[in-house]
Amino acid sequence: MSGILGIYSKDVEKISQMMYYGLYALQHRGQVSTGMAINNNGFIDYYKDMGLVNEVYKKETLDSFIGNICIGQVRYAFSSERIDKKNIEPLVIGYKNGALAVAHDGNIANYNSLRCSLEEMGSIFQTDLNSEVIANLIARAANTDIVEGINEVLEKIEGSYSLVMMTKDKLIGARDSYGIKPLSLGKTRDSYVLASESCAFDTLGAEFIRDITPGEIVVIDESGIKSIFKKQQPRKLCSFELIYFARPDSLINEESIYLSRIEMGKQLFKESPVDADIVIGAPDSGIIAAIGFAEASKIPYAEGLIKNRYVGRTFISPTKELREQGVRIKLNVLKENINGKRIVLVDDSIVRGTTIKRTVEMLKAAGAKEVHVRIASPPVTNSCHLGMDTPNKENLIGANNNVEEIRKDLGIDSLYYLSLEGLLKSVGDKGFCTGCVTGNYPIGKDGVKCH
Amino acid sequence: MSGILGIYSKDVEKISQMMYYGLYALQHRGQVSTGMAINNNGFIDYYKDMGLVNEVYKKETLDSFIGNICIGQVRYAFSSERIDKKNIEPLVIGYKNGALAVAHDGNIANYNSLRCSLEEMGSIFQTDLNSEVIANLIARAANTDIVEGINEVLEKIEGSYSLVMMTKDKLIGARDSYGIKPLSLGKTRDSYVLASESCAFDTLGAEFIRDITPGEIVVIDESGIKSIFKKQQPRKLCSFELIYFARPDSLINEESIYLSRIEMGKQLFKESPVDADIVIGAPDSGIIAAIGFAEASKIPYAEGLIKNRYVGRTFISPTKELREQGVRIKLNVLKENINGKRIVLVDDSIVRGTTIKRTVEMLKAAGAKEVHVRIASPPVTNSCHLGMDTPNKENLIGANNNVEEIRKDLGIDSLYYLSLEGLLKSVGDKGFCTGCVTGNYPIGKDGVKCH
Amino acid sequence: MSGILGIYSKDVEKISQMMYYGLYALQHRGQVSTGMAINNNGFIDYYKDMGLVNEVYKKETLDSFIGNICIGQVRYAFSSERIDKKNIEPLVIGYKNGALAVAHDGNIANYNSLRCSLEEMGSIFQTDLNSEVIANLIARAANTDIVEGINEVLEKIEGSYSLVMMTKDKLIGARDSYGIKPLSLGKTRDSYVLASESCAFDTLGAEFIRDITPGEIVVIDESGIKSIFKKQQPRKLCSFELIYFARPDSLINEESIYLSRIEMGKQLFKESPVDADIVIGAPDSGIIAAIGFAEASKIPYAEGLIKNRYVGRTFISPTKELREQGVRIKLNVLKENINGKRIVLVDDSIVRGTTIKRTVEMLKAAGAKEVHVRIASPPVTNSCHLGMDTPNKENLIGANNNVEEIRKDLGIDSLYYLSLEGLLKSVGDKGFCTGCVTGNYPIGKDGVKCH
Amino acid sequence: MSGILGIYSKDVEKISQMMYYGLYALQHRGQVSTGMAINNNGFIDYYKDMGLVNEVYKKETLDSFIGNICIGQVRYAFSSERIDKKNIEPLVIGYKNGALAVAHDGNIANYNSLRCSLEEMGSIFQTDLNSEVIANLIARAANTDIVEGINEVLEKIEGSYSLVMMTKDKLIGARDSYGIKPLSLGKTRDSYVLASESCAFDTLGAEFIRDITPGEIVVIDESGIKSIFKKQQPRKLCSFELIYFARPDSLINEESIYLSRIEMGKQLFKESPVDADIVIGAPDSGIIAAIGFAEASKIPYAEGLIKNRYVGRTFISPTKELREQGVRIKLNVLKENINGKRIVLVDDSIVRGTTIKRTVEMLKAAGAKEVHVRIASPPVTNSCHLGMDTPNKENLIGANNNVEEIRKDLGIDSLYYLSLEGLLKSVGDKGFCTGCVTGNYPIGKDGVKCH
């Protein structure tokens, strides 16, 4: 998962600052690195580094970045790639048609196949980025028109992708045929904006226009905005965008993330009611569903766990010895509110199970009389190859244990996962990828290894 | 406001890491600078810098800090002092009895008088810190016993203070006679801990023992722990510790901050009920009282405003031009949840009124049908000189306008401030300073100017 | 000009430190950026940044770099490329045969032609580095054997190059057919070393073995060292390596740089004797020739100009206003030693003429009675396209003025440039490129522009 | 040893830049830390940090420092004080008469006595700086006039000091009664400048006016410049200022440092002639005397040792293992110039003897037939307590061995130290402290320890 952003603006002096605040709004989609590239009179300049938006960019850099097109990214720590300065996007290249910059959200399933065949044809690679494969394919496209060339290239790419790209005079957005990753279009007085999530538009004072359609390539230049369309597939938006990834104040597919999560919580109660004193959410991902559960159940919503929000990139982790002596960094329990109470603990999902286990232990140690865990999604049983970056199957607690085994392992009084039907009902079923909980992925894995 | 911490430990290798995690737990009490001083075989070494705990300390520094006594601070940006490298605590000095380190939370009301008279006697000052006056007084105390000397000095100091101090062989804590600022004692297997708030004990896996008594001086050394007591005054704990400053998972005066704030919310509803569709809190300070209000009113609790949590020290503020074009950094409104609804917005207090005004505007712009503001404390009408760092009276909206005027200014449907009685009832009236809302301060101001 | 270094060692723990000290010894060949790449069990890792060797590398990086092959570079600020993080070598790539790292000294004359034709074939470029063209050519070589492939590639490259390259199991060195750029082979107990200059061997305690022959490709791996040879051309070592670039304690072509420069000074006196009180050198480049001139002329050698050596990367340049008021940063004149004296000022060469002009002004202002300038090379009349990075012809004072005009412009009593014959005699004529002073370059320019 | 600088200027915008370039000119007097303090409308602001002038100051800091008086320092690593952020000058304090800043060069011999008695009177100390004692004494001076107060204080201070100080409206310079440390007065169109050495005036385009007289206190303010004088002692300038510390382009006591060192070299030859092939200097300190020796002896001057000038603050020292394997960092020998030759090696002095020993070993290993060492000063036999920061007597090779023993230890053919008479003759005997070579110090040591 990453956050991507593209701006085409008449206001050449302000565009890099707009990019800065827009990327900041998307920071939740990736905290490892960030970069922006700017079209400065046909020459593409860029700045990239490890860290958060507020750490990477200095005022001097923004002030020196003048131009009418700009693209940027905030990047997640993919387990498949080295966390390294070379693996930061946008990727900026020169090729036969001039300069090109690419920023990508998603995962190309046939990356290895494509890279091997490019290497066989003599391509060299300087990064582990998906976008380097895309850029190489574009440079080798038969069609000399850039938009047609991109269209030709995207036909070859299997997997999930939302893309923002920049040539010397065009801002180009694209979304895979299934629409697995989100991408939206917004507008201010002076500019068009493409963003992973609509919350970036709110931050920029931009108006939300619409989602980019699955399979759409949108081209913005001096002459305005136009689109071409690849063969469209049944929409398969990643369901974890609604469950976990997206910011609650974003709209995806015209659906409010916040209201979807409220609905999941209500649905959870409908499917698995329980008598208890308070409903709490696991911070931060379970809070909204907990509010929904509380509203439906009439059990009071409460805070039970306090998160320390100041952890930064350079935080020194406690030694094993200190952890064993009880040093606890991120989360504390509100003992006075938990002691003697029957608790419903709501979380969005369970992946490895380690976090929820520690949380339950804290609640028990604080004197919780009963703990009932309600999860706002079905058990995660498959490792995603389309950009969710879940661990291998052997590390997924839901893939290796049934619900009762997990309940026992957690030492709790009851455990319930939202049904797939309940989930789909909550999010207004307009076509979702549910591969991680069902195994049904729209696109298969690529078994190739190059060398 | 600042957070202070002192540790006396048998584990000389781990003490600096304990200090690190403990200061991190107190980070909400000050984000401007931090320092720690360590007793390294009678020699006091220290490290201080501007920034958050996770930014300032490197692993090498912690690893090099070996010792059995350590004190530290996280510091707030006081409007009365330059934000400057010189103004970081602990203050570490050499004087006739050897080395001494001092960290302070609070505000010495007669600082100017004391500094002037010290300067007249030939003292020089290298900082703006209250603790430099304290250290100078200690160095000039008639009594040669350090504890008696401190007792003698504290008699001269008027104002609010919680102190942790370190000599070559003692950790010393002290609290002013009114107990305006909090200070608690905790214990692990190997160590005693003094901390501004008990949440630090939870982070360190330490057991909460008790609050330090107003007027108490506690001395911890090889021979154990003992206390002497100054003349005690009626307790006057700063009421804003409960309303706003302290972390909800801390206990102050054996009172849960979280439950006190829930109670304020419930009391608010009792005093000023209103019919509405949802109750929302202003993030983060109004959230808990909002939950309480919702519980009492049976109106559903909801989130209405989303806060971007990634703003760091180096964040570049938007230009006026960008702000006017709608760039909005910290807070976004959940339009889909607000539109067409009657809203109760709960906040902890109103100081200048600018933040709440902007918040209300966002709610209105998002289509809120009605907005009813409920404030979990009485109007702030006085500028505090005892450590709360409120602005001058002319900038306090509550000092210059009545409730109806403020309501009109905010353009809302109703506005209610919690009554003083309601507030005191909520927090279990055991003696509070309510000067900022009543004008009744236990200690007067100091009109002196030195030169 | 750059400095390049390659090490093949049995001591995997020490190799990165050897690289560090070796690059440090070559620092005079480039102060803009530096990088090193290491073969870590077949995986090539690297670290690169802007700055000096002592600024860029941290102990942690060196400690984490374990491996048996390592190559590195210190890089000069070429006027043809952006001073930018992307333009740092070694270049590290993956291609069909695995990993490859390349570091280069020199300038590829047909870079544009090669890049254009590579782009036409679908290559993309992420840097402005010559080595990116080389890496692309290697990836497209018909011959699958890496050494044969490199041989095939080097046939296509016109220009000056010394190269160190690394595959997963080989260290490879290469030198262009004319031997324009230097490269030498050394040896320690545990390792082979390839370096731009032999002074690196002295720093590493390594033994100098021999110069790499023009047109030689040397391959070092587990099985030892072997060479293949391209068609060799008459040797054309860049004469400015001896005049200016190389460190005086290096041997190039078995010739001592120091003694060559002493000889140039002596020859200068023979060709253009002058009666004077003292001989001084322009720091630092004219010092050695000045010593030679003094020795031959029996006029006492003296210091006349003192250089401040502390200027670093972040030095703040004086404003024009301050310069006009006399603020003088790098060079001061020894007034007491100059006043009333007849001075011979020796420098290695005159390029733009601005520095020598300022120097002469300082000497005159300090009271020099006569100033006689002697230059240890002929007038620079041509802009080099083979790696010397001279400015365009219109900025070369020697290309646009005769000696008498320059003398008048400098306001001096006499001016003499060493004759070409004198220069060649001084350096022991074994084949030199003298293009910048004669216009006779062994390789022509490339007029191509890609897009 | 430190470098100090004070500027009083009408040009408030340029003064901080003047300070920057002036401190840069004095960088050779201290490379550990630097600071500057500026009088900004009566308020004294400052910036200090560890590092070189070009590392510490940023353009923003200089641009923000507006004022008409500025003082600064570059600081040496005194073995008696921690290398620590707290120990950077200028020291800036507030006291009963307002603000005061102090920068000091030298060593106060009775520091301990003064500090103990100040502590007894209730002073606290936050640094190890001599200037903190001075500031405390000024704050306690009986005389309320600042200049009279300083005069009163300086009477109590024994030791070497040159001082620049700043009050809200005055720049004050002072030099100890013996004039052990240098201080000079210069002038530009807009400003007066006080500097440790006159080379700072050259850098600033300022005119050298005169040395400050031993025992003089010079006061510069709006009304101009005036002086008062303490009881003057026979001048005792530190002889090592001429032998080693000062820059060759400075004048001290109207004597050229460069010419004095040339004279020492000539005198060395007169006292101890030797037949040899070349004369070389130990870089950098022995170069000038070597030139003088060569001139007197008619033996050719040559370079024999090349110094790598790029070592910076963060340079990683080689491990013992690497050193044993021959890794050599700073100095290389010019083998081709040394091999088979009879060498005269000139250095300024021998302190511990370790450096010269390593140098001699390198010359021998390079094939020197004979090595004759000539030292331009007498044996250092006493540890200086007046600012030269020599090691303890047990580490002084000259204090524990006679010349023949040292010669044997170095394994050289002859060794000669310049006689005291020869030294004094070379520098034009106007009164020097020669304590380190004679034991005759003008001021005794202070045996006091405080606590």
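Note that the chains take the letters A, B, C and D in the order they are written out, and that residue 1 is the start of every chain.
Keep this in mind: contacts are C-beta pairs under 8 Å (C-beta built on N, C-alpha and C of every residue); 3 or more make two chains touch, one makes a residue touch a chain.
Because the structure is predicted, anything quoted here is derived from the model rather than measured.
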| item | value |
| --- | --- |
| Joint neighbours of chain C and chain B, given as chain labels | A, D |
| Partner chains shared by chain B and chain D (touch criterion as defined above) | none |
| Maximum centroid distance from chain C, chain identifier (CA atoms) | B |
| Inter-centroid spacing, chain D versus chain A (mean Cα positions, whole Å) | 60 |
| CA centroid of chain A to CA centroid of chain C, Å | 48 |
| CA centroid of chain C to CA centroid of chain D, Å | 36 |
| Of all residues in chain C, the ones touching two or more other chains | none |
| Touch relationships between chains, expressed as pairs | A-B, A-C, B-D, C-D |
| Complex contact set, residues of chain C against chain A | 91-98, 100, 119-126, 135-136, 139-140, 450-451 |
| Residues on chain C engaged by chain D in the complex (per definition of touch) | 14, 17-18, 20-21, 24-25, 27-28, 31, 52-55, 57-59, 62, 188-189, 199, 202-206, 247-249, 251, 256, 258-259, 262, 287-288, 291, 294-295, 300-303, 306, 308-316, 318-319, 321-322, 325-329, 332-337 |
